[in-house]
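Below are two complexes that have subunit A in common, paired first with subunit B and then with subunit C.
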Partner chain A sequence: MGQDKLMLWVICIFAALTAVPLVAILGEVLLRGWDQLSWEFFTEPTPTAYRAMKAIEAGERIPGGIANGIVGTMLMLGMAVAVAVPVGILCGAFLAENGKSRFAQVVSYLTDLLQGTPSVIIGIITYIWVVVPMKGYSAIAGSVALCIMMLPLIVRSTEETLKILPASLKEAGLALGANSARVMLKVQLPAAFGGIFTGVLLAISRVIGETAPLMFTALGCSLVRWSVDKPISAVPLLIWEFFNDPNLQELIWGASLFLLLFVLTLNLTAKYLAKKWNQ
Partner chain B sequence: MNDKVYKALLLLTALFMPVICGGVVYALVTDAYDAFEHFGFFRFLTSSEWSYTQGAEKYGALPFITGTLMTTLLALIFCIPFSLPVALFVGEYFKGTRLAAVLGTVTDLLAGIPSIIYGLWGFYTLRPIIMALDISPQGSGVLTASLVLAIMIVPYAASLSAEFIKMVPNDLKEGAYSLGATRAEVVKSVIFPVAGSGIFSSYVLAIGRALGETMTVTMLIGNTNNIPDSITSTGNSMASIIANQFGEADDLRLSSLIAIGLVLFMITAVINMAGKMMIKRARI
Partner chain C sequence: MESVKPILEFKNTCVSYTKQTMAVKYVSAAIGRNTITAIMGPSGCGKSTLLRAVNLMHNLYQNIRVDGEILLNGENILSMEPIDVRRRVGMVFQRPAPFPTMSIYDNVLSGFALNGIKLSKGEKDATVERCLRSVALWDEVRDVLNKKGTFLSGGQQQRLCIARALAMKPDVLLMDEPTSALDPIATKHIEDLLVELQKEVTILIVTHNMGQAMRISSKSMFMYLGELVEYGDTGMMFSNPADERTKAYLTGKMG
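Moving on to the complex of A and B:
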């Protein structure tokens, strides 16, 4: 009996310990970042190291914020979503409809392969594919990298959601004389909307914090920019910049707090919606 | 929409995957070719020199392969004592309860934290602790990177293991209980043998994640181009050397970095495929 109790306690204690890093990280980012959040932090671009140094010397708050990163992240994410969502859904539909064929199995394996590929390698690839031919870093290159990373996630969630729909749904549509395109568009996809939407939200939350693939593709830029063929910043890239520049280190925490809250909210929303739509 | 057009459209989008993956391999191989030709494939992998003095450039991947294997292995060792209890908590002891849902959310959120924020936390919180404990003078190094990596892979290993633990048939457990087994005995002699291969495969996939983790390791491993001679010394992993030097590299160094990327790609591909295959087998 003693052994039984001991095991239960060990499991409870160690399981509870895994919450410690979450609380510690959230707490630290919140405590150190909260003071930095202000209206200017979201509307002003990053200050130069010189201006930041002057402000530190004068004992003032570092001017500026992360507007350039927010705009860059949104722009690149928007372009990536615009391509990855339709392609991912169609590819997922292909896998769900032809699951048994040889080719579909190959595609399925390759989806796993791409999903497991380290993000830094996606960065190298996009550098070779996009940055070299375009002769420069650009928002397009960054969005290609994000798109490649999102694609397998959306394919998988679409495939899995379509596969768990009852077969009778599709058969009823076909029996009414609709062709499979119409059944997919009007019956299966609407029925699977919840699962697919959650999948897209999770895919976004997965790539929005990615830094490594953007370092060799979007590069970063201290101006607020809307052009797609020039270097551009992103919030995680800014955190990396602040981390490496002693003058800007104070800005790390505000930017991290913004990124963390954004990602975790997206995550929780997706989980909540998934639960709600499953009932 | 015409049925034929629809089928063709699906096929066309499905072709994206082979095209992207083929393109990844093709681009990595052609751009890594220079380095392999210059140093020889085998010598590139076994040389531990990394010097970019003009005219006497010498690049070898051994320090970074060692760094990656050390951080990954250590992360795995640190991760097991936490992920296994979490999996048992969620999948057996408190299966379906509110507490299990809370712990599930905690691990989900841990999995959602971007790696650069893990890196910051490791740098500003864990590193000073390691220095204060006098484990290593500079604080950063293989050990620091592995500790944070371990936290990062706990959610992956735990949630997948929990799934396999949940799938252990009830009649097996009830059979053991009816023979007078205690819960600890049921875990030891029913759950682990039945779910063992599934649990093992979840750790293989966790290794796959740890191998390619970039930012955390880059911020914590210390970034020195030597073979780490102990777990507290500094080094570089394959991913971190690429993150550190890719932007400033050209010609032979760039090709060498891409060659390291190719090796990393192959290792993660093999590990991930092996893991997925084991999972498929464990599910049947």
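Moving on to the complex of A and C:
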């Protein structure tokens, strides 16, 4: 066997190995969580430990579900997206246009650092900045933490997408006598829409599973709640709570499966859209 | 003919990318109204750089300096606002660049939209038809005006870009190798079109294609290493070049 062929085999084996964890995780969570999924699982809030214990004693399925977590996650994500998307796009546009200025280089560097900041630290900082002054845990505080985590991802994807647009597009706009703000708004950003939208989806899928920052900010709540100034639940928070309560451990897998499928769907959608828009 | 006041005049125009290197060196030339002037020369001779100085494209890049004067109807462009200059001096690029998110209709009108100029529906329709007719594209696209501009063929896209520039009624149209990305048939279309268009606009065209310069231009510039080596009637230059370097280029010994 030639050296090339041997090398090819080695590469293939290692490539297959990297796929093993995802397949194994997906299999395990599917096996354990599939039975839990039901209509109530998505529409009922978390049961109390007492109700769960009674159900277990009677040999029944644990009642209730993760509706409180789903509502909390969506509420906090919605608020985070509403702020992070416009701010991130403007910042990304600025970096793509003025990349060489000293200020832009500093901003760009800070964006990288923010992206690498451990989420637990973002959580504790948000606690100091938002929870303490507001005198309580809240959905707002949780969304601030998620927003900070999403920002660098949106900034980067906007910047990268704008940078790969042909320069002639911007020049063609300017050559018609328009100022650069209008060219950005009406030519460059619309042309970059696909890439930016994909970036936003990936940013959402990146933060939707964040648990640590929400422990310091949203805290959790066993009721379905729509108010933004009260403690609120989230799906990843529920997984942690279920793990800590012997009576609720059965519910871990259903919640995990929901989260996993949601993230996978977002990722696949992002991939599909990126491909479609790039044609 | 020489008594007519030129529409565009270069006076000792220089463009430098760094302090040491000058890409365009002391170019002086007067361009007559409603003519086509070809700018020729080997790659890197500064022809595109000279062209892009006319609509102040170099202002976009901090390190590029333009010195001397460029007069548009007697007024020095270099001391005017870029926005005012660019509305009077249109540009067509090497690669067709219709705005990908806009329909054919909106592409033609994009100059107005980008400048925040509001038009009535009637004015819009009339402008679109006039401009698409003047680039001989109207009959081909009149039924698909709402399709994206990128749906057209390369040659059609380039004609759409010319229509987009014409919509602003510029005095001068700059063209940077507008046919180098097109096939011979599309090129022929554009060349015929330009000959027609010089009735309404003065055209300055950078070209690598000597045949093209011969076919469409009345005057030609030959540039070499940033200098304007020769400027005169195209026919004269091709049959009897005054400078050895022009001769070498035209006979294929250089470039």
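The rule is short, and it goes like this: the second predicted complex is superposed on the first by the 271 of 279 C-alpha atoms of A that agree within 3 Å, B and C clash if a C-alpha of one lies under 4 Å from a C-alpha of the other, contacts with A are read in each partner's own complex, and residues count from 1 in each chain.
As a working rule, a contact is a pair of C-beta atoms (placed from the backbone, for glycine too) under 8 Å apart; a residue touches a chain by one contact, two chains touch by 3 or more.
The model shown is predicted, which means the values in this text are computed figures rather than measured ones.
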Open item on the list: Going by the contact rule set out at the top, does A:162 touch subunit B (first), subunit C (second), both, or neither?
Closed with: neither
Open item on the list: According to the stated criteria, A:124 is in contact with first (subunit B), second (subunit C), both, or neither; which is it?
Closed with: first
TODO: Answer with first, second, both or neither: which of subunit B and subunit C does A:62 touch in the superposed model?
DONE: neither
- [ ] Based on the superposed arrangement, let me know which partner A:172 touches: subunit B (first), subunit C (second), both, or neither?
- [x] second
Open item on the list: One more residue to check, A:182. First (subunit B), second (subunit C), both or neither?
Closed with: both
Open item on the list: Is A:144 touching anything from subunit B or subunit C once the two structures are fitted on A? First, second, both or neither.
Closed with: neither
- [ ] Mind telling me which of the two, subunit B or subunit C, contacts the most residues of subunit A?
- [x] B
- [ ] Have a look at where A:234 lands relative to subunit B and subunit C in the superposition and call it first, second, both or neither.
- [x] neither
Open item on the list: Per the contact definition in the header, classify A:8: touching subunit B only (first), subunit C only (second), both, or neither.
Closed with: first
Task: Footprint overlap on subunit A, comparing subunit B with subunit C - done: 179, 182
TODO: Mind listing the subunit A positions that touch subunit B in their complex?
DONE: 1, 3-4, 6-8, 10-15, 17-19, 21-22, 24-25, 28-29, 87, 90-91, 93-95, 97-98, 103-104, 106-107, 109-114, 116-121, 123-125, 127-129, 148, 151, 155, 179-182, 184-185, 205-206, 208-212, 215-216, 219, 236, 239-240, 243, 252, 256, 259-260, 263-264, 267-268, 271
Task: subunit A partner contacts - residues on subunit B that touch it in the complex - done: 1-3, 5-7, 9-11, 13-14, 16-18, 20-21, 23-24, 27-28, 31, 81-83, 85-86, 88-89, 93, 103, 105-110, 112-121, 123-125, 151, 154, 158, 182-184, 187, 208, 211-215, 219, 239, 242-243, 246-247, 257-258, 261, 264-265, 268-269, 271-273, 276
Task: Touching residues (chain side subunit C, partner subunit A) in the complex - done: 55, 57, 60, 62, 82-84, 86-87, 90-91, 93-95, 97, 99-101, 110-111, 113-116, 161, 164-165, 168
Open item on the list: Show me the residue ranges of subunit A that touch subunit C in the complex, using the header's touch definition.
Closed with: 100, 166, 168-169, 171-179, 182-183, 186-187, 190-191, 193
